[in-house]
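One chain, chain A, appears in both complexes that follow, with chain B as partner in the first and chain C in the second.
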Partner chain A sequence: MPRIPGLKTHRNAELGLLGFSMVLVAVYGATVEANQYDKISSTFWVPAALLSLLFLSLHVVIRFTAPFADPVLLPAVALVNGMGVGFLRRLDIAKAISDKDPYPGFFAGVGGRQLAWTLASLILAAVLLLVIRDHKQVSKYAYTLGLIGIVLVMIPAVLPRSLSEINGAKLWIRIGGFSIQPGEFAKLALVSFFAYYLVRKREVLSLASKRFLGIDFPRGRDLGPVVTVWLLSLLVLVFEKDLGTALLYFGLFVVTLYCATERASWLIIGLLMFFGGVYVAYLLGESVGGPFANFYDRAQVWLDPFNAEFYEREVGGSYQLVQGLLGLGTGGLFGTGPGAGSPGFVPEVRNDFIFAGMGEEIGLFGLSALLVIYLLIVERGLRAAIAVRDSFGKLVAGGLAFTLGLQVFVIVGGITGLIPLTGQTTPFLSSGGSSLMANWLLVAMLLRISDAGRKPASGGPQDRAAGPKQPPAQLHGAMTEVIKP
Partner chain B sequence: MNAPLRKAGVVILVLFGLLFANLNWVQGYKADAYRTSDYNRRVTVAEYERPRGIIEADGQPLASNKPTDGQLKFQRVYPEKEIYAPVIGYKPVDNAETGIERSEDEFLAGTSDKLIADRLSDMFTGDNTGGGNIVLTLKTRAQETAWKELTENERGVKRGAAIAIDPRTGAIQAMVSMPSYDPNPLASHDSKTFLAAFNKLNNDKQKPLLNRAVADNKPPGSTMKVIVAAAALQAGKTQQTEIQAGPVYRPPGSGADIRNAEDETCPGGQVTLKEALTESCNTGFARLGVELGAERVKKTAQAFGFGQKDLTVGNLDGSGLAVASSETGEMANPDGSTDQAALAQSSIGQRDVRMTVLQGALLASTVANDGKQMKPYLVQQELDSERRPIYTASGKVLRTPINADVAKDLREMMVSVVENGTGTKAKIKGFEVGGKTGTAQNAEGADDHGWFVGFAYNEKGEAVSASCVMLENVPGGHASAEAARISGLIMKAAAGRGGD
Partner chain C sequence: MPEFVLTVARFGFLILLWIFVFTVVGVIRRDLFGSSRSKSIVASPRGVGGAVLGGPAPAKAKRGKAARQLVVTAGQLAGTRITLGEAQITIGRAEDSTLVITDDFASARHARLVSRDGQWFVEDLGSTNGTYLDRGKVSGPTPVPLGVPIRIGRTSLELRP
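Let's turn to the complex of A and B:
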């Protein structure tokens, strides 16, 4: 794409930040080797270099397909992704040492696999940027995407446990040695659908209301979609046994609803309904058991993880949570240093508990930095939503960014004992293809929308400087519903 | 719709703020609690990264380490098994240590402040130098003799204990408790092995985990007469003072007669104090006790260490094996006046009098050391990982219950016991041995406990050893003779140096 004179794309800033991220990843890898082998091998830089090559390729794609995209998103996400690969490779190195195996190859073990998944994810992200040149195109497929989203959410719930359950949460499709977490992709599809639906319904939902206690409440019949999604998420809670996922979908919906209607009442109704539902599920779990029992157990474990009875419990006990907390505590403020901790005591340290495993080694300061990077990604996503001009783009970017933040909150809050533990992955960090691919698609979408928001309204700088204000772009076939008296 | 989007940003900010606050709680406020939690295996693994210090005596390792291939890099081993277990204790992986392994834990583990130099150098070199080493005062020959003679005793006794002390310093030369246990399975890295071994020992009716030498007290029988004799000597009586005896004594206000063990023991009306002790005359000492009064008897016993509840034997700085208190009992009626019958019986070591084996040895050692009681200790030296001494024990006077004159009188009387009286079995060729036997009745129908407290001087007149042996429930009477025999052998082994 030809460079537009006088308008900054900040692509070189992106390149510089990316370089900085990759230096951090390389230093991390070197520290790991220094702590594990007591010396740094001559090839410590190879994983970082391979990652740099991958991210550099995406950077080039961005230069040509989304030149005005936010320059911070890619380097920030690349840093988290790189740290994840580095930590997983650290687990491989520790395993190789304890098995007396030679230095692990760069494509071996979980670290190597994660590197391969990163390659696949970046290809997907690049394809999305290349194929979807205008994010409004997505709205054409909104209903299809909505259907796909719901199907993806429901598949693990209806599959037998043997094909869908890992660590007590039914969030998976397991075929042979392979497992996919369809919910990760579902959130992308659902955001697009919600955004489209709400752009159409926003007038109705925001204007027709009854005033009660100083707050505008919607009409009964307009509550339909909210109630539907609420029920859906509670079903997810009960049948997929996962509070986090339920919270994620419901939060996603309520926030897009709130953004579309600008009505705080929707937030209040949503939160009350959700937490009321959760509390009822807890009570039902205590008295009735059955499908509610799992959630009740998890809440019990959350309330008192150090209880010996919960700790000893083989299935659904607090062993993992406790070991994660102990790891975090052992790390303390500064951590033991990359490669110097014992993440091996936390069974699922490569997946759900990666944050606890890293926390032992990089300490409170390291984790805080990591949280700030996540915050940066989320806030940059929200900024893209604010900058973009069309309602659909705003809702999609806002919804995606918020979901990402919510997911980080749900999993990190879960492993640190702030909320009941759930089976979510940590975006960009956890090992596993579904999560990485879905989240890179999410980032690609944010890049696309931020590009749309930051580039001149049309064509060149002359238009932008002098031309008349363009009316907001209309969605394909989206007729805004009007209130009938 | 920009306003709600900004508010959504604020919501995320608040959620992340909660995460941050909670992380501060977990990694800041609770960090120490989590770091040292019993559930935290890291603590254990880190502990086993460096070899624990060795516990040794006479250059012989009694607790050492074997490298493993496992996650815990060292296996604690106790090559001598039962012989030293009551002293050394054991170091389990996840549970509390016992014995010296417990009292010297920080030093052995290398975390003691005394070893700060080692830890600092580790920090720079990245090494894991071992913990500090402990050299015990025990003399392996005395300890082995004590164990062998106790377990192979001629009377088939199943439970008992023996202690030998150097009276001049307070250094413990031997400390044995029977039955004992093999500490090796208790140090197993496999928690099932540990639990099986521990439960078996803990449920054993013979209580092998109990250190009978220090943690248990029993009625001392006639060994108590040494204390009553000391009280009499301090009250102005001499070895030759005639005291009333006879075959039977009925204390005032009591229905129970006190008799002698044998009809031929002090049948006459009067015996000297020395003869009374030599023959272990019950009626004589019961009368003597009543004559001296409860206060005097109790005071003298307390002067020797009765009633002390906080004594430890290990390091002279204070940490060590907890010693049970020895007790005289109240000897009082409900109205507060002296119960003469109880006083009479207590004066011959019955009724509510209880004594630990260690207290028995301290009694003899005080007499042998001119009335000065040295504080007993087990830790001779603490060495750092390079075997440089960090601490070396030197004797410390614990108390001086009697003066040198009284001690000299008691010494002569106790030598007479071994030369001519009830303790002849304790004689050792080439040594001057003194002592006192004790046969303590206990529960109705149960066999008596046999005691012997004694000391030995070498040909140069140095008090080389004091000892106490206690055998529980010796079948078939004359319970103390076997205790006297074993005591003599232990002291002989303790006095020997080098190859003899």
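Let's turn to the complex of A and C:
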């Protein structure tokens, strides 16, 4: 490990924060047991200790492979992940009490499974940090990754409903008792591809323009890529029946485009296109039905969740949304206290509605702390994008950080009734392996890029000679399109 | 379990959660502002070898302070900081440069900064539009005082302690 005196790596700050976050997870576990069993068992600290062990291992991996990485990312994500495990274990405990079962084991139930998924995700993150020593390597596989991303997005759309549909959204691959959400991994692949593509095209997309109403608008022929992605995301909306996923992919592309070209007109065009498309889909759902009907139903439920007709509808009604809202309302400002609420009333409280379930117990005060932690994670990601020196790294870090933020917005916005409800997962919090693994990979990538950005400058010939022979940078030779007026 | 303990646990957890948030913010704050103490003082350029070329000597306060950061003050990358080590810093449009600038007036390999005994020198690498130190065009390796802008196209860089 390169240890340069006088240069702070902030690794000890990371370790300290990690310890703090694990103390919080332990306190959460203790409070849950105090409220559920009316006494704190002597083993309440075991899940927190197991988690600490896992995160500590990743911390050691970071010390050796990315010594200059951002010190805040790991502890912040670890806290959210730990709270997720704690809440799922709380559900197990509640279930065990109502079934008159003994104290649930640490590896049993949803909580135990989430613990196992955390282990798997951290192994994946460590492998990524060990294998990808320089984020620019990824740009060599950009087209392959783009293809993989599109295939992953398409699989659930083309699979028959029995294999891909859960709660009306076709986002899954279900094999036996197992289900994976390929879209979670697709977003990582797509970010890398978009970043590579836009690094090559940024000049033509940012320079050639017509000025209208004080804003630089791109020429018609340069709208090609954005129109393509817009069409693809509308296809996702129609065939996978999920607004959030469509918004996620399209927003991801538009924001990467904005980062690459520094032109706000792309954001305006993107928003107008997306909302225009969604509104047309809504109107089509009202008049034509067919593939658009599902989205129309969801929008109706969103507009008037307390309507008795929607509330009593068996499938695709507003029961879940209303129960979530009532839960949040019961929690009020400070919540009922961890373990003292009744999340059992909310369907799917361990996946989509975990935020509502937790909100009942930790209240607005706790939820806003969680949201601020998400915000800080995103901010650190964007900071890594600013600090890193190559444009590919900038776009990847910016895109990944934004995706994470947008995903939190989409699901929390859905639960609180700001936008129509979608089948997205809450990053690091909801139970489920694919979401957890994909998001930990995302964090590992951000750690790698922030390490590259914060590392003291190197890259002179004397440094090159010392390390293994680097292949020539791929992007250097890339041709940029010539602008014709 | 007495009601009092449960209430303490309930609020204690929330308070701890927020303390965590503020600790994180504190770490970020130290990270952002900890290393840039003297922002307001901008030193005037000093001559080669420390000979003061006329005028008063505000540079005196700066003497003995080594440059530790390269900060981009204007242009697309404004706000970027590079912590200086021993290695040279290459600047240009080429992706393998230390600082990749996408300025229209920058060349692929535009300029480089090299350190000799703690003093940084800027050297133009045969760029099309030239490198400027403050207002003078850089022809050979030129020592760079702290706080004096190096201009490359629309991008402006400064050494900071």
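Remarks
Following the convention adopted for this analysis, the second predicted complex is superposed on the first by the 464 of 485 C-alpha atoms of A that agree within 3 Å, B and C clash if a C-alpha of one lies under 4 Å from a C-alpha of the other, contacts with A are read in each partner's own complex, and residues count from 1 in each chain.
Rule of thumb we're sticking to: contacts are C-beta pairs under 8 Å (C-beta built on N, C-alpha and C of every residue); 3 or more make two chains touch, one makes a residue touch a chain.
Because the structure is predicted, anything quoted here is derived from the model rather than measured.
Shared-chain residue A:S391: touches chain B and chain C both. After overlaying the two complexes on the shared chain, residue contacts for A:L446 are found with neither chain B nor chain C. Once chain A of one complex is fitted onto chain A of the other, the partner contacts of A:V254 are absent, as it touches neither chain B nor chain C.
After overlaying the two complexes on the shared chain, residue contacts for A:Y311 are found with chain B alone; chain C is out of touch. Between chain B and chain C, more residues of chain A are touched by C. By the touch criterion stated above, A:G363 is placed in contact with chain B and with chain C alike.
Contact with both chain B and chain C is seen for A:E262 once the two complexes are overlaid on the shared chain. In the superposition on chain A, contact is made by A:G413 with chain B only, not with chain C. Look at A:G331: by the touch rule set out above, it reaches chain B but stays clear of chain C. Using the contact criterion defined above for the overlaid structures, shared-chain residue A:L17 touches chain C, although it does not reach chain B.
Looking at chain A, you'll find residues 38, 262, 363, 379, 386, 391 touch chain B in one structure and chain C in the other.
Of all residues in chain C, only 1, 5-7, 9-14, 16-18, 20-21, 23-25, 27-28, 31, 70, 76, 79-85, 87-90, 94-100, 102 touch chain A in the complex they form.
Residues of chain A that touch chain C in their complex: 4, 7, 10, 13, 17, 20-21, 23-24, 27-28, 30-31, 34-35, 38-40, 71-72, 75-76, 79, 136, 202, 262, 334-338, 340, 362-363, 365-366, 369-370, 372-373, 376, 379-380, 386-387, 389-392, 454-463, 472-476.
Within the complex formed with chain A, the residues of chain B that make contact are 1-9, 11-13, 15-16, 18-20, 22-24, 26-28, 30-35, 37, 39-42, 45, 71, 126.
Taken in their complex, chain A has these residues touching chain B: 38, 98, 255, 258-260, 262, 306, 311, 322-323, 325-333, 341-342, 345, 359, 363-364, 367-368, 371, 374-375, 378-379, 382, 385-386, 391, 394-395, 398, 402, 405-406, 408-409, 412-413, 416-418.
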